Amino acid sequence: MTDASVSPEQSLLERFVEVRELTEELAMPLSAEDQTVQSMPDVSPTKWHRAHTSWFFETFVLAGTRFDTPYDASFDFLFNSYYEAVGPRFERARRGLLSRPSAAEVGHYRRDVDARMGAMLAGPLEGRQGELTELGLHHEQQHQELLLMDIKHVLSQHPEPAMYCERPPAHFDAVVVSGDRVEVAGGITEIGAAPGGFRFDNEGPRHDVLLAPCELSGRLVSSGEYLDFINDDGYRRPELWLSEGWATVNAQGWHAPLYWTDAGGSWQRFTLHGLEPVADEDPVTHVSYFEADAFARWAGARLPTEAEWEVAAREESAVTPLRLEPPAATATSGFFGAAWQWTQSAYSAYPGFHPEAGAVGEYNGKFMVNQQVLRGSASITPPGHARATYRNFFAAPSRWPYTGIRLAWDAA
Amino acid sequence: MTDASVSPEQSLLERFVEVRELTEELAMPLSAEDQTVQSMPDVSPTKWHRAHTSWFFETFVLAGTRFDTPYDASFDFLFNSYYEAVGPRFERARRGLLSRPSAAEVGHYRRDVDARMGAMLAGPLEGRQGELTELGLHHEQQHQELLLMDIKHVLSQHPEPAMYCERPPAHFDAVVVSGDRVEVAGGITEIGAAPGGFRFDNEGPRHDVLLAPCELSGRLVSSGEYLDFINDDGYRRPELWLSEGWATVNAQGWHAPLYWTDAGGSWQRFTLHGLEPVADEDPVTHVSYFEADAFARWAGARLPTEAEWEVAAREESAVTPLRLEPPAATATSGFFGAAWQWTQSAYSAYPGFHPEAGAVGEYNGKFMVNQQVLRGSASITPPGHARATYRNFFAAPSRWPYTGIRLAWDAA
Amino acid sequence: MTDASVSPEQSLLERFVEVRELTEELAMPLSAEDQTVQSMPDVSPTKWHRAHTSWFFETFVLAGTRFDTPYDASFDFLFNSYYEAVGPRFERARRGLLSRPSAAEVGHYRRDVDARMGAMLAGPLEGRQGELTELGLHHEQQHQELLLMDIKHVLSQHPEPAMYCERPPAHFDAVVVSGDRVEVAGGITEIGAAPGGFRFDNEGPRHDVLLAPCELSGRLVSSGEYLDFINDDGYRRPELWLSEGWATVNAQGWHAPLYWTDAGGSWQRFTLHGLEPVADEDPVTHVSYFEADAFARWAGARLPTEAEWEVAAREESAVTPLRLEPPAATATSGFFGAAWQWTQSAYSAYPGFHPEAGAVGEYNGKFMVNQQVLRGSASITPPGHARATYRNFFAAPSRWPYTGIRLAWDAA
Amino acid sequence: MTDASVSPEQSLLERFVEVRELTEELAMPLSAEDQTVQSMPDVSPTKWHRAHTSWFFETFVLAGTRFDTPYDASFDFLFNSYYEAVGPRFERARRGLLSRPSAAEVGHYRRDVDARMGAMLAGPLEGRQGELTELGLHHEQQHQELLLMDIKHVLSQHPEPAMYCERPPAHFDAVVVSGDRVEVAGGITEIGAAPGGFRFDNEGPRHDVLLAPCELSGRLVSSGEYLDFINDDGYRRPELWLSEGWATVNAQGWHAPLYWTDAGGSWQRFTLHGLEPVADEDPVTHVSYFEADAFARWAGARLPTEAEWEVAAREESAVTPLRLEPPAATATSGFFGAAWQWTQSAYSAYPGFHPEAGAVGEYNGKFMVNQQVLRGSASITPPGHARATYRNFFAAPSRWPYTGIRLAWDAA
């Protein structure tokens, strides 16, 4: 699997080819049937991801240029995700009904877009073409991660859970073990992305924040620690939970993370490599905000704010290889590359934030309510896609992303 | 398309080969993706039909014989439709989640079952093997019809409705035009299937019924007549409707048959050949019991009882060719081969009916509540599958079967 | 409690006063709050029943006469139950939102209607006034029964089930014990109501039916017998159930009749007198059609058709006193006065049935789909309201009416 | 109507009597039926509020003292709102089923609790009795406001909306007109409640925040301004809305604030005094967070953060009289007494916040997710209940509280 990190010398065309190829690599183990199924409204079929990321280049980069020769007029309706300014769109929860275009046809569509983008990128760029291509590549990297999250959910719904691929032989990455706490000093400091280099609009403006001194764990919570929480009746003690979390636990019958099953005394979890035993040293993943928050309360700690997290993590390299599941040792590793980490910060605009006008402005700003910020990156995040200032967000009950827990404490 | 009718000289093996081949022929125009989608809980994916009908032979014919070498143990769970006696089963509404086995793998499965059945049928049959094979073939014919009903619904859900295949060139079947009324004399007469020859258990016992004299239309209601009903505000006049029908009309926003759309003044309908204009001489199809009943009331008529229908139809040949859509002239034809006809009879046991013990007994009897009987056959009914005593049944709101309307009147 | 039976010498005015008084007597134990609550969409608040039955006289009898001085114009919207021809109406499932008019105001309304009806009935009647008054009285008797069914459900929803009234001291009715089977001869016989005397439109026309010889139980199934069914795993054996029944049992978690609770080894049931132990000799009540059908299958019997029932019962007197709960001995009594008995007949039109034009015609005919016929009467049926030809009907899953089970067998 | 403000000389007993009496005064215009109805899951019946506030004193103040003689053991189950630590409770959405205890019985219950509390408060207080009594009084004041919000919704559901009481004759309050903007300087400042005096736990700890300079409107948005938004297609332009807001607008069919109806060209609104015309100078009320946010975007402004709001408002007196509807001039008034004002701050813990152990700790902390903070107070807020540090919170779609809009702008 491609795992090259961003290299500053790469041309935009080289970057384009590399990112687009990774998407197709990720889809390769999947049959046409696998690529068609939608297992819940939040999930999109693999072939939809493949098509939508191509539509994004057609709509936001190629449109209006001399490379604007739309592949199929109906795709504007089928593969628009949520851009109101672009026009009407097919209902999200019904994407699993789209038997057509076929997975093979989507492949043709991708190659057509690639050819036109390649021709454009080979010549001198005009206006915002470079900037919007960059946006499209980061957009596609987000969908690479979604594609893996989503197909994991699809395959897990099978009565005999199906495998995405065999687990590769053990590897020997040099994992940075950093189990100690990271201290964050109090006072005024700047967070957010400064101009220059790619960043999503919601990462700025860079601005001052006032922090009280605190400490963050240098590693993620492990499966072994989470089992202690379960065994201490964590899922049966309302005093540990937010009210909405407790209602969700009971309504959904939660008693462990998503993908965990109690196989008569020993825990197993569904992975993209099939069912595997839960190992103590694994980072715990696929937990909701409610579970992260309850675990922290049980542990006598709390979740960090996003500002605390960013300050603690900003010296660390964000480049990590793409792996389908976090390797065991990553529970003891740093801030990036294992699982997204829930923060106690609700997702909202930074002071002075104004989304761009037009459809591109719909990218982030319109989701700023009833979401929690997650920071870091996951094992399935494509290399080069993570940053200390990156603001991921999901609704509090979400468990199908690769989510994990980092603890924080007020300074003594 | 195969349209040979039953010929008494055919061996059971020849019959087996012919019926099994027709299923595969019907699936041939469909991609792997088309065969995977489930568009509503009532609908099953094409590849599920292909697998389930094979499972039926494995479970009810091959099991316990020397040809009992199950193809895949998990299929018992995946492809059991509703047989409680056979064991647990995968939830019906979730069949669209089964990306695996693939459509190709289902093909292998079918050929494996065919080989074992072929070996068995080539030799001398024992016990109930012949009788249960016969049941399996009639079962598969039912699913051939379901497969077409279901894929029609799947394809219609596409934002730009997709075609199953091109409409074949016009043909010149000798259609029996019989527009006149058929008189049914009053008195005691026998209905139901007599022993001998294949029939489903619910068609017997043959028994006496008492009829009052009446008349049945010799043809189905046409689309032109149904348009008169629509244009006379038929869908907006509560006095024409059963109470539950009126509630359904309003809750679902019905204002025409399923698959009809008002294209700015002219009506179109979705067919397996794509969108086509509604023609006056077409039989109206895809109407619910509620609509059939309301139309009859509007027309100053009523729907026939199933006994009246059977007595009127029993002299007519039930053998008709398989066609994907009823040809236009069939609105003026006889009792079989255009669309199933709603009767006013609720589906219930004939006097003295007792289902067989065991799983085979679950075939029909356990559905005898809240269903209406339909009689006749549809254009998509496989040749040789129809009989005057055949009792089809669906819930009153169903519109995705090929349903139509035949009127009746009390004798003057 | 008034329990006088119909006496032919009573004037219509005397009848009117007696029926109207009984409704108010039945509401008397209930507070204003009790009369306001709606515990499920099927249930109506007591004060709604009291108002609706008055509205019926205003709308169908007084309107257009010189006594037509409407009490409150808004009541036409509030207290129309389902008459499309009369105009729009308040949504059924929201009747519990009507805090106004108050229970006391509904009392005023009733007295106003009574005064106007009294004035009319004291003078010479014109046109259909007598006939429609008679219909209104039978309509009100139906609602007396509904009022008791409904308030029982309301009170049962209380966390500590509330009592309607104390159980009266034991009484010494001469109960006709008739445990033996009743034989029904085969052949052609007439059923349905003949002209003359009051009957609902759905009870006619009187017409010939053809019966096969059979036997009906002379009594209802007892709670002791039903306990045997429960203890024999009746609720856990799919082979005993209709498919829709089995789905309902599992979706609703049914394991006993409505109002029964397992109080740690001994069964209790909620009654209008509060919680009481289940006694073997009680008739089992509050069972759905699905449960009645499954019980009969388990017992090696079947449910009667409505024609068989009518022929078996027609010699028996239908007059029984109103009691809030069936007394114990009635499990061994005859056809009337304990609980309505499910038949295997779906509710449909008798041959030649045509509902009246206009709103009065909506009384019965428009419900003729997806309902089962019940025959007999219940302990809460007002005296004089039952007849051998009476066709009650409810949807198969209904359990809040006072329903019971009578078995039938084909003749040996 | 009592409208005395808090006077520091009042004894706790005098305060207790005054607050408890106001609840009964507010219920006085309501019949037993009005007090029983629950119009949606968020709403509680009036008599439930009356009982629950009494249960609060029984459970958190009287329990364990010598005045601990519970009135009715079952009330612990019926009238617990959400305190998991106290034990199980009756489901919130089913409170409308509680016909018993009656409204009159709830009156007895209140007087019994009052007598025991009075006896306790007349003597020397021990332990936390004084502090918890104070909490109970502020709790009851919150429910006074809820009672009015809730009964407004109940009465509005009536097909002919019912009145709570006549609008009182015009009054001549000296309204502080302060239409100008209020400037907030940037820098570090303290917000939150300092120890001493009553405050809810979520108002502390007092802590430093860092503000950028900004301006807040000195008044609320008026109905006239909101009409301009409506007439400028505000409800039909997705670019003005948060994504979840736009989905809600479409799913719910919103096109104006709750309680507004378009009476053929002129707008009317339902009030506790019945239907009244919308007047331009009214503050707009009963808008969701989504509407407030969209209006601000349309107006080229934004909503304030809660810290900005507190700093701008903290010099103003929070004492205002209780009025059932905000008087017209209040659109041009200050920070308190018209309608709660949505802020862009999600409800979360202040740094160092730790809820108390035990049931009292469930008061506020467990709701800290998926809620927005509102600041100020409403016309129906009881006098003496408002504070500049008060943090009210509701889910973003809520419209039945008395909510309004105050705009903010970044400093030029």
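Letters A, B, C and D mark the chains as written, and numbering starts fresh at 1 in each.
Keep in mind that, in the parts below, a contact is a pair of C-beta atoms (placed from the backbone, for glycine too) under 8 Å apart; a residue touches a chain by one contact, two chains touch by 3 or more.
Source: prediction; values computed, not measured.
Novice: So which chains count as neighbours of both subunit B and subunit C?
Specialist: Both subunit B and subunit C are touched by no common chain, going by the contact rule given at the top.
Novice: Treat touching chains as neighbours and tell me the shortest step distance from subunit A to subunit C.
Specialist: Step count on the best path from subunit A to subunit C: 2.
Novice: Taking the mean of the CA coordinates per chain, how far is subunit A from subunit B in Å?
Specialist: 47
Novice: Between subunit B and subunit D, what's the gap in Å when you average each chain's C-alpha atoms?
Specialist: Centres of subunit B and subunit D (C-alpha means) sit 60 Å apart.
Novice: Calculate how many whole Å lie between the centre of subunit A and the centre of subunit D, each centre taken as the average of the chain's C-alpha atoms.
Specialist: 38
Novice: I need the residues of subunit B touching at least two other chains; which ones are they?
Specialist: none
Novice: Going by the touch rule set out above, what shape does the chain contact graph take here: line, ring, star, complete or other?
Specialist: Graph shape here is a ring: one loop, exactly two partners per chain.
Novice: Let me make sure I understand the interfaces: which chain pairs count as touching?
Specialist: A-B, A-D, B-C, C-D
Novice: Contact residues on subunit B for subunit C in the complex?
Specialist: It is residues 82, 84-85, 188, 207-210, 212, 238-239, 241-246, 289-290, 293, 344-346, 348-349, 351-352, 362, 366-370, 372, 396, 410 of subunit B that touch subunit C.
Novice: Quick one: in the complex, what on subunit D touches subunit C?
Specialist: 31-37, 39, 47, 74, 77-78, 90, 94, 96-100, 102-103, 154-155, 157-160, 162
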